[in-house]
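First chain A sits with chain B, and in the next complex the same chain sits with chain C.
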Partner chain A sequence: MQTIPDPPISIQSLTLSYGRAPVLDGLTLQVPAGSITALLGGNGAGKSTTLAALLGFERADGGTIAVCGIDPGSDPDAARRQMAYLPENVALYDHLSAIENADYLLALSGERHDRAAIAGALAAAGLQDQAWDRRLGGFSKGMRQKVAIAVALLRAVPVLLLDEPTSGLDPRATADFNALLLAVRARGTAVLMVTHDLLSAADVADRIAFLERGRVAHEVAADGPDRFDVRALHARFQIGGERRAA
Partner chain B sequence: MSPVALIARDELRLMVRNRVAVIAFALLILLTLVAVASSWSHRQRIADLRARHQQAAADAFDAQPDRHPHRVVHYGSFIFRPLGPLAAFDPGVDAFTGNSMFLEGHRQNTANFGDVRQSSLLVRFGQLSPAFVLQVVAPLLLVFLGFAAVARERERGTLRVLMMQGVSRGQLVAGKLAALGVVAFAAATPALIGLTAIAAQPGAAPLPMLVLGIGYLAYLALWCVVILTVSALVPRSRDALLALIALWAVTTILVPRLAPDIAGQMHTLRNRLQTDVAIARDLRRMGDSHDPDDPHFAAFKAATLKRYGAARVEDLPVNYKGLLALEGERLTAALFDRYAAESFAVQARQNAVVAGASAISPAIALRSLSMAAAGTDLSGHRRFLEQAERYRYALVQRLNRMQAEGVAYADDTATDAGADRRKRVDAANWRAMPDFAFRPAGPGTLARAALPGLAVVLLWLTAAGALLAFATYRLGARR
Partner chain C sequence: MSLYVHELRLLLRQRLSRFAILLLAILTIAALAAGMAAVARQRASIAAIPAAQAEDIWAVADYVVRTRDSGSAAYYSFHPTWDPPAPLAFAALGMRDVSPTILRVRALGLEAQIYDGDAFNPELALPGRFDFAFVLVFLAPLFVIALFHDLVSSEREAGRARTLMALPRGGQALWRRRTAIRFALLWLSLAFPFAIAAAVEGVGAAAIVAVLALIAAYLLFWIGAAAAVGRLRWGSVANAATLAGAWLLLVLIVPTLANVAIDRAVPVREGAEIALAQREAVNRAWDIPREATMRRFYAAHPEWAGSAPLGTAFNYKWYLAFHQNGDAEVAPAVAVYRAGLMRREAAARALGWALPSVGVQAALTRLARTDLKAQLEYQDRIRAFHAALRRFYYGYLFTDRPFDRSDFDRAPRYERFAQASDG
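== the complex of A and B ==
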């Protein structure tokens, strides 16, 4: 049986630049197994680049990065087999139904699930059963996201990366999603969630890391001494807490 | 199921669910079936017609009455080039070169009655044959079905989704290639079935057909690889489509049409009128057998008299007029052979230029392979012309010898009332003349002739494969 190094996500002094413009500048971040870390930051802070580096789509200039002990820069395919990824704009296949999309993507990742299991995951993701066998051509952004969530849930991987996962969801769906996320955490998955939604992050995350100019400027833990004070965090970082802060 | 098979299955599923793709594919299959049927029927009709005409010409020759052999020399005979079974797959140059010849003394006629010369200009655009469908139409269908195979994944963001499932770039491209390969094979199947049906015909040899099958499959595989390469290199589907259509138009239409014109400009072939004038000039220079002062024929006469130990031609044991005809035909045939060799040399240089154009158009290499294996290329035509000339020369000289040995000089020069009767030889002689029988190239020769074209197509395939490997490496490349 494979032993997963803990923390499954480990980033040390990561530097990465586009041309001469540094995007990540000594980023250090750990996401332990069975925990949710929310990564917040303004535009250009380096959130998406951090995810791209973890996914092996960007190569770091310096520092170390490891997903379950694998450097995604040198062996992206192996690293990706340890991860599920839910992008902000979900890309799926319009010519396939929800069930077929899930079946196809899971089969590609080497996992076989029967229709009942896929249907169960789609239901858990909040997709109504009438939509399961419909092709995705007519799906809304939220419905597509639910299909992608179902695929991510079914993949028994130690790491889950989320990019603005609740951006297309209504409040009820967001609450459902957060409940799903807690279930994923409970089975030992390390979850890194990039988001602008401080409220949602505060609801589910065990830790919130604030990124500024390519490095973690501030990090708070739900059970730490300063806990999550959304009003104070919003006042300090001007990120996403408008509803409650107002 | 492996990721490659899964991706291939999904690509095929996408094509099946796309009505336009299904209709286009069905139309191609229909077109191929029509091409196979019409080409086969056309070939049969032509073969029957030529066999019938050949028999009629032979019968007319044999039915001549008793007559002077030199009149038979000028009566002449028609011969027709029989079509091999593979002409149903690729008629090649048959429609352009002419397929019949009139054989007579003192002249080396060119082939006549090419279908194109007897048809409307539309025929020049190409006969609908299985070869044409596979060379020109099938690649276009593959372009329309495959241009977006990789570009679509990148455009819609599913490329990263696939990679996130642990699919490697190589697996992705291999899966797409496998799907397009299945389509290409399915598109080629009706034509290959037609080819197999031809194999059952008498005279069909499996070896050239095998080379033909390999060549066409390699050509379609080349298109699959090129389509995938462009789709992987170009960022947007629309750009991939435009690039591939341009590539198709240039390599399968433009270059194959332009290359022969350029070759013709570079190495000009004399037209028939120019050749006839040049030959007539040379014939005048060669000498006149009727002129007693002509140096060549005066020397010939002296040598003949010396050989037979005679003082006058009237004393010769053979008809001197027959000997003159033999010598005259030998001289003119040598002259005609020289002109024919010059013409073939120019054609060979033209062909070399066209073959060189296969460096920018694999369709030219395939066309050359296809016609060579089918025996319908210029070499096949030249083979017919050379055999026809050998037959003509042997026939005419046999008749001239008949005049020399079977008709007395005194009778041949007599002008009295019964002279005409005495000059004639028995009609049974015409029936004893052997008929023309074209010997087509053997299977080994045809297959060997097709190998250079096959080598070029395989070279193209290798180069395209290397480019696809590069495009695959660059796919979803990080900085």
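== the complex of A and C ==
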């Protein structure tokens, strides 16, 4: 059985530039197994670039980055086998059903699951059974996310990357999603969630990292029954992130 | 289910893709059927020749036996020649559409008979008929554009590109699989009906394989063009417009302009002008003293110089001699004309290396033996047959031997000369 290095996500002093403009400037971040880390920051702080580097879309100029011990820059396919990724807008194939979409994405992940397993994952992701064989044309964002989450559940990968997962979701859908995320964490998955939504992050995250100018400026861990002092975080986030980004 | 089956399902669920592939298959089948029908008509016409010829010769013989005059026999007897279609001709009708495939000749001046109908018809010559070559060269690129212009850009525009790229088997391998599936479907839409039609027509395996390879190569060229445009990361509409422009340029405009340039660089008189020159030479001969005509003829054909002198009355020796003198008079023009045509053909073939549409068309018509070379070879066979006809009739005429009904059966038959093209 494969041993997953812990933390599954490990970034050390990462630097990355677009042309001459530095985007990540000494970023250091660890996401342990069975935990959720929310990465917050203003526009241009480097959140999406961090995800792109983890996915192997961008190569670092310096520092180290590892997903389960694999450098996604040098072996992206091997790294991608260890992680699932949910973009901000989960766009799937409208002319395929939920089960067919999941089946296809699993095939692209190099995995094969029978219909019963896929249906079980869709049910676990909270998608009602009437929707399983319906084409995705009429699905809401929340329903599409559930299909993508079902794929992540079936893949049982040690790392889950989320890009603004709750933007555009109504409160009930957000609550459903967060519950699902906690279930994923309980399986031992390391979850890195890029978000603007401090409240949602405070609900589920074990740690919240604030990104400023390409590096983690503040990092706080959940503590006690109230987990986070959201008011204090909000004030710090407003000062540290949005205002500077503006 | 393998990834290829997944990709196939994904593609065939899209209405546009289904429609495009089905339409290409239908157009291919229609073009093949049209080509086979055209070739079948030509074969039927050729098959009907012996009966019609026998009837015709019988009627001529009824008249000739009254005088037993070999000159009358030569003058009134038409002898059919034909250019049987090669087995692959159905796929690329080429010049068989614009030049005669059956020509009835008499032992008179030949060049006027050959070039009588050789007038350039731009309407027929440019786009060609609706045959398999037309579908492949002109239409297939449009289907490649339809299926490939948004191969990557559609995923980007739909917001799926990152999701797909983030999967272990969703990177470049995904685009390669999708390219392979689309290529295979387009190739099968063209190749499968073609292979069946070719088998029915009795085309040899080597020719079938060559055409199948040609189809693949031409599709791959256009797929490469679509991939090159795709690398610019423009939107799907811009990709489609760019590729449509490339199609217009590479398939229609540049070949047409190149054709005009070749025609200007290698000026060639029309064949009909040779026919006219030969006729004028023959007509002038009526006003030239007979002795001068015969002197010239005997100088060129001393084997008949010992023939009895002409009287004062009309004599077919003189008539046929000035016809042959007319051929000799235009022979240099014929040689120049043929050389010019071959230089144009060579230039067009050279162009084919730079312009795939021209190259594929040239290769198909060569394989199908429907190109200029095949047409000139047919003319060569006619000339050889006509020379034999002259020798046959001159053997009676210049030795003053009577010509009987049974002599008609001794006349040369074209079958012996046609064999060269029957393969």
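In this text, the second predicted complex is superposed on the first by the 233 of 246 C-alpha atoms of A that agree within 3 Å, B and C clash if a C-alpha of one lies under 4 Å from a C-alpha of the other, contacts with A are read in each partner's own complex, and residues count from 1 in each chain.
Heads up, the rule we're going with is that a residue touches a chain if its C-beta (ideal position, glycine included) is under 8 Å from a C-beta of that chain, and two chains touch if they have at least 3 such contacts.
Model, not experiment: these values are computed from the prediction.
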item: Fit or clash between chain C and chain B when superposed on chain A; value: clash
item: Partner chain(s) touched by A:D77 [first = chain B, second = chain C, both, neither]; value: both
item: Partner chain(s) touched by A:C68 [first = chain B, second = chain C, both, neither]; value: neither
item: First, second, both or neither for A:L154, with chain B first and chain C second; value: neither
item: Touching partner for A:E58 - first (chain B), second (chain C), both, neither; value: first
item: A:S109 touches, of chain B and chain C: first, second, both or neither?; value: both
item: Touching partner for A:N89 - first (chain B), second (chain C), both, neither; value: both
item: Contact residues common to both interfaces of chain A (with chain B and with chain C); value: 55, 57, 76-77, 80-81, 83, 85, 87, 89, 91-93, 95-96, 104-105, 107-110
item: Chain A - residues contacting chain B, complex; value: 18, 55-59, 73, 76-77, 80-81, 83-85, 87, 89, 91-93, 95-96, 104-110
item: Chain A partner contacts - residues on chain C that touch it in the complex; value: 1, 3, 6, 9-10, 13-14, 158-160, 162-171, 174
item: Chain A-facing residues of chain B, complex; value: 1, 3, 6-7, 10, 13-14, 17-18, 156-158, 160-168, 476, 478-479
item: Touching residues (chain side chain A, partner chain C) in the complex; value: 55, 57, 76-78, 80-81, 83, 85, 87, 89-93, 95-96, 100, 103-105, 107-110, 112, 148, 161
